[in-house]
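Below, subunit A partners subunit B and then partners subunit C, in two separate complexes.
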Partner chain A sequence: MSNKRVVLNTKNHKLMIHETATSYLFMLPFMIFFVGFVLYPMFMCVYTSFFDATMGREDIFVGFANYVQLSKDPVFWKGLWNTLIIVLVSVPVTCAFSLWVASAISKMPVAATSAFRCIFYLPVVTGSVAVTVVWKWMFNNYYGIFNYLGNNLGLFDERINWLGDERFALGCIIMILLTTSVGQPIVLYVSALDNVDKSLVEAAEVDGATQMQAFWKIKWPQMMPTTLYILVITTINSFQCFALIQLLTSGGPNNSTMTIMYYIYYNAFKLYKYGYGNAMGVILAIIIAILSAVQFKLGQEK
Partner chain B sequence: MKKIIALALALVMVLGLAACSVEKTEAPAPTAAPAATEAPKAEAPAATEAAAAPVEISLWTFPVGKWGEEATVNGWIEAFQAEYPHITVKVEYLDYQAGDDKLNTAIEGGQAPDLIFEGPERLIAQYAARGLLLDLTDLKETAGGKGLYPSIVNTCSIDGKMYAFPISQMAHCMVINRDIFEKADALKYLNEETGTWNSVDDYFNAIQAVYDSGHKDVMTIYCGGQGGDQGTRHMISCPAGNTPWSNPEHTQYTFATQANADILARFYAQDGVSFDPAIVAGDEINLFVQGVLAMGNCWNATLYNNNKDAINFNVLPMAFPTDEAAPALAGGFYCLGVFDNKDAARAEAAKTFIEWMTSDDAIYTEAVLAAGQWPTRDLGVDLYAGDEVMSQYGKFAPWFGDYYQITKGWAEFRTEMWNALQRIAKTDGSSAAILAELEAAQTAANAAASAQ
Partner chain C sequence: MNNQNHLDAQAARSKAYTIFSYVVIIIIAFLFLFPLYWILTGAFKTKQEILATTPVWWPSEFVKINFENLMSKRSAPLFDISIGGWAVNLFGYRFSFAKYVIAGPTVPAAMRWLVNTVFMAVTSMIITCITSAMAGYVLAKKRFWGRGILFSLIVCAMALPKQVILIPLLREMSALKLYDTIWAVIFPIVGWPFGVFLLKQFAEGIPTEMVEACRIDGASEWRTFTDVMFPMIKPGVGALAIFTFINSWNDYFMQLVMLTSTKNLTISLGIASMQAENSTDFGILMAGSALASVPIIIVFLIFQKYFTKGITMGAVKG
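Then we have the complex of A and B:
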């Protein structure tokens, strides 16, 4: 009896090892990719941030000097401030607007819902360069449609240099970012609304709940995982706002649209300050990680 | 678990981009002096062809005239490969929007091209100064190298060693919409024959006349980025009295002068002139070509050729105004450089290509004409004889000023300069305030120059 158990255990153990090994083999291609293109670059980013690294010579270890320099760099702080403004405006607006649109179109006939989903998703699938160029035309100081409409409708007399005026440039960037950010959340919210347990909603309505009450008490909690996902993704995208800045303003005028991502790029690829750029990348990653953790914590509590 | 995955995702997305710039461990050893590596001497064609093993080299070219067109460049490659069948040349066409990034990423990844066609401000100030280019001094002794104009060779050299082979040259100039000027009766302020302004005062009189005629957008001082910034620089330095941008040794910047501040103050106060941080030179060119702006500060023969089909008015290329004997214009030189890829066979093949392209007058002439520019040595013939338009541009060649674009810290200087113009736009326009901004920019640029 005892010998039989040992034989069975040994067989189970071998089977387990075999299955585990097979599982890891299946995972191996992804793991190689993950290590080579994710973990290694992450490690090198942190590592390089402690060096004075530039093109054409060996790196010089400088300890925390890049971080100290960052703390004294007014453009970095300006970029951080602008980035936070972009995040603080675009994330709630994107979420609220997406939820509003999704709520409206999810009640429509299927064909209409699909059509609206396509329309709102178009800026997402259109190349960011193409979208940006079109916006650049519309904001053009000399022949842009916004100045044309503004002048002809009597809204303002003088032309406004939308992207060349510190008062408007960041607002324009945020507006464009919103148009390209709402597509995916709308699709996700429409899907989440479809998945809400309708029997619960009907039961609440039978019990006399208003539409608003049914939404906040029944639908909203069931959509919380989707909301959490949208919040995190939108926050990360807003922090990483780059292409718009590069194509429209290069961070100007007077750094009024400078963001951390663009400043990283500028230092690393234009001024060849690789160590300094990586130090900024580390700081930005830490900020995003903290914010994401807070969002998850708050989301779970809800 | 979800939290961990989300946090990892956030970190990955941010660190991924920053880490793209991580220095390769194969970086060459620190170099006190630029590129100590001696390139192998290019062998005589016959000997090379007879004994050589197959070798593949890459040529990356910026869109300088037809150097950016496959039909033109492929023709050369086919002709070259017919003569040197063991050498295969792969061509990559860059643009000015993303070309720099692509090139820098390739260099950092150890995948630099063998041959690069660009100006000395990149080849010398950025790459040769960092020891990334091969010394091509021995090519000065080839048939194509013997007659090179010494002043141009100097712009391609560091400490007497030539790191880029100059192929073509032209002068950057400004341009006016002749039709608008004629309508405004402003042609009296300039000399169409010589392409010069009667005086700096008359230059401003002309701007005022055009503005008064009803064309309110006469000129813009674009400062949205560094592209084409030679235009705004010479728009300042020529009327300010050909003020130098750097010291003669090209080690420190010297542009924070009262004269430059005064001329900027004059622009600030001038009707029809605006500082525009929303546009760069490319936008200014488009606005000029569309007839929106009456004047352009970023212009040259190549730009004219690229845009002539879209222009439906008479253009008049002009030198920047000055009260000196002659304006000190910016020279635009284009060269072939060879990256030090630590491969003797590829280096030799790259040099063979340069020698092939420059030693035969007929092939060299083709290369120069493709750029829409002028030769860097005396060919004994006027390439544009009978071409009235190109002859207009050719007359600026004697007015090249110092080629200060090879001063150290060039990338930082350019950034400082267009940012300074943006800040100047926000001042009260007084000379003192403008000078303060120029001084701030100069201090930062010189700090970068000293650090390099």
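Then we have the complex of A and C:
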């Protein structure tokens, strides 16, 4: 109603010019930062991916050479593969775990709900560096508590070098990643569960539906938009998993924890191959865009 | 009768399940708290206790040695402000301004890192809130040419991974002579469109009549914004403020790429660089981690309510 009136008013050409001018004045401070430090770098990312670019000399145009080289780079494929493993494990586990926790704690008294919500969010707030440093200690083969507990509970005898062993390193990374990624989904699910139409749930219970039925038939469909959003953000976050790898393993041992994000960092900021790193960035962005689009499509069909 | 038994059994089963899930969640919650507990106690343990192969669950006595070691490692001025240091040619005359540097007293580098981090988080928070409130207001309440395109640009930019722009950003900052200054971290945070998106959603909930009434009463556009709109979207701005503060505090990748010299590091970056130097002196690392995480955890606990609101508001219609 109110929106319609504005549209009618602005049919007046002069008023529209005035509105546009003032609007852009209001947008200006944000636009300076947005265009200068987000849009322009995004454009440059695509543009530079067609150049052989490094420090201290002019860029040389090479066409698709960076992309061709990328397709032949075994470390890139290894990184892509590891990234996919991380995403395929952490996204479903994060979603399922946070849904379960949220549905359990949302039935508790308000104080308990918010206390648990806080606790599960703490690893995010603590910051990736502090979290990684303490996990590094806990995984240490001599002084770490994992080996102590494992040895004393009789699970294994030797002192395992968790982060230095090809068999375990990626698993350890995924485990830490999980603790830092369930916080936001839990907050979102708790509020989504609060917003579910209570009368429908009560009606179903009166009709003799079990709690399980009430959950899957009534609450779950209503929370679909939240689930969709959570799927998208956890996918993006898992793709961008970087600090853990840079601080714990640097992609090793033997590239077993190499991810695309770390390989971009390694190429760009250790080898100064800016063009090559940007080409990888473009590929990563395309993959994420496609995955988000697919998730949205699937979510809308349901 | 039979039916009644069936219902009772069902109720008992669901009650048992509830208790079971509570117990499991409490156990998991302890596991989530454990790393933080390990940081806080580890910071006060002696070297022997830290390097004990049998973990010491509670320090036998709280020692300050780790903090003293952390503080004695490196030093930097508490702050330094430089003015000038540039020259222009105007109509053949050369105007030059010598560089004046005002430097604070020399303190342990960790103190300087805390100063840097707080300055960075507060500055990005303030600028982000002002620019996002202004942009969010017009995107929600005004109909102007290019509005649709602008908004789709904002949404698209948000869906793309932030980190892929770091390489071009680094070169841009070098060209602007902002590389290795705290501004190189602040500006991209301000440019990130999440805040605009959030406050646009919030401003849409404010009745348009309010804005129109104000206009009819003859208030200028700016007055309409500052006196009517801004107070009404204040809860949204609060949520955005705390959200930006915590996220910029922990935005490690950007800081890692942009900041290099000792006096310009942030606290988490400083801890990371110490980790590279003394990778098994966990005492120092825990002391540093405690210093980096305790302030932000306190901020989070105080403003928790606004923070969760910020997260959920961003998701609505996301």
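Keep in mind that, in the parts below, the second predicted complex is superposed on the first by the 290 of 302 C-alpha atoms of A that agree within 3 Å, B and C clash if a C-alpha of one lies under 4 Å from a C-alpha of the other, contacts with A are read in each partner's own complex, and residues count from 1 in each chain.
The rule is simple: a residue touches a chain if its C-beta (ideal position, glycine included) is under 8 Å from a C-beta of that chain, and two chains touch if they have at least 3 such contacts.
Bear in mind the structure is a predicted one, so any value in this text is a computation, not a measurement.
Of the two partner chains placed around the shared chain by superposition, subunit B and subunit C are both touched by A:239. In the superposition on chain A, contact is made by A:45 with both subunit B and subunit C. By the touch criterion defined above, A:285 reaches both subunit B and subunit C.
Which of subunit B and subunit C touches more residues of subunit A is settled by the count: it is C.
In the superposed model, A:69 makes contact with neither subunit B nor subunit C.
In the superposed pair of complexes, A:222 makes contact with neither subunit B nor subunit C.
Contacts of subunit A with subunit B, set against its contacts with subunit C after fitting on chain A, overlap at residues 37-38, 41-42, 44-45, 48, 142-143, 232, 236, 239-240, 242, 261, 264-265, 268-269, 274, 277-278, 281-282, 284-285, 288-289, 292. Every residue of subunit C that touches subunit A in the complex is listed here, in rising order: 10, 14, 18, 21-22, 25, 28-29, 32-33, 35-36, 38-39, 42, 50-55, 127, 130-132, 134-135, 137-139, 142-147, 150, 153-154, 157, 159-172, 187-188, 190-193, 196, 207-209, 221, 225, 246, 249-250, 252-253, 256-257, 268-269, 271-272, 275, 280, 282, 285-286, 288-290, 292-293, 296-297, 300-301, 304, 308, 311-312, 315, 318. Chain contact summary for the complex, subunit B toward subunit A: residues 2-3, 6-7, 9-23, 27-31, 100-101, 104-105, 107-108, 126-127, 130-132, 217, 223-225, 276-280, 287, 292, 411-412, 415, 418-419, 422-423, 425-426, 448.
The part of subunit A that touches subunit C in the complex is made up of residues 2-3, 5-7, 10, 16, 19-20, 22-24, 26-27, 29-31, 33-42, 44-45, 48, 100-101, 104-105, 107-108, 114, 116-131, 133-138, 140, 142-143, 145, 148, 179, 184, 187-188, 191, 210-211, 225-226, 229, 232, 236, 239-240, 242-243, 246-247, 261, 264-265, 268-269, 274, 277-278, 281-282, 284-285, 288-289, 292.
Chain contact summary for the complex, subunit A toward subunit B: residues 37-38, 41-42, 44-46, 48, 51, 53-59, 139, 141-143, 161-164, 166, 169, 232, 236, 239-240, 242, 249-250, 252-255, 261, 264-266, 268-272, 274, 277-278, 280-282, 284-285, 288-289, 292-293, 296.
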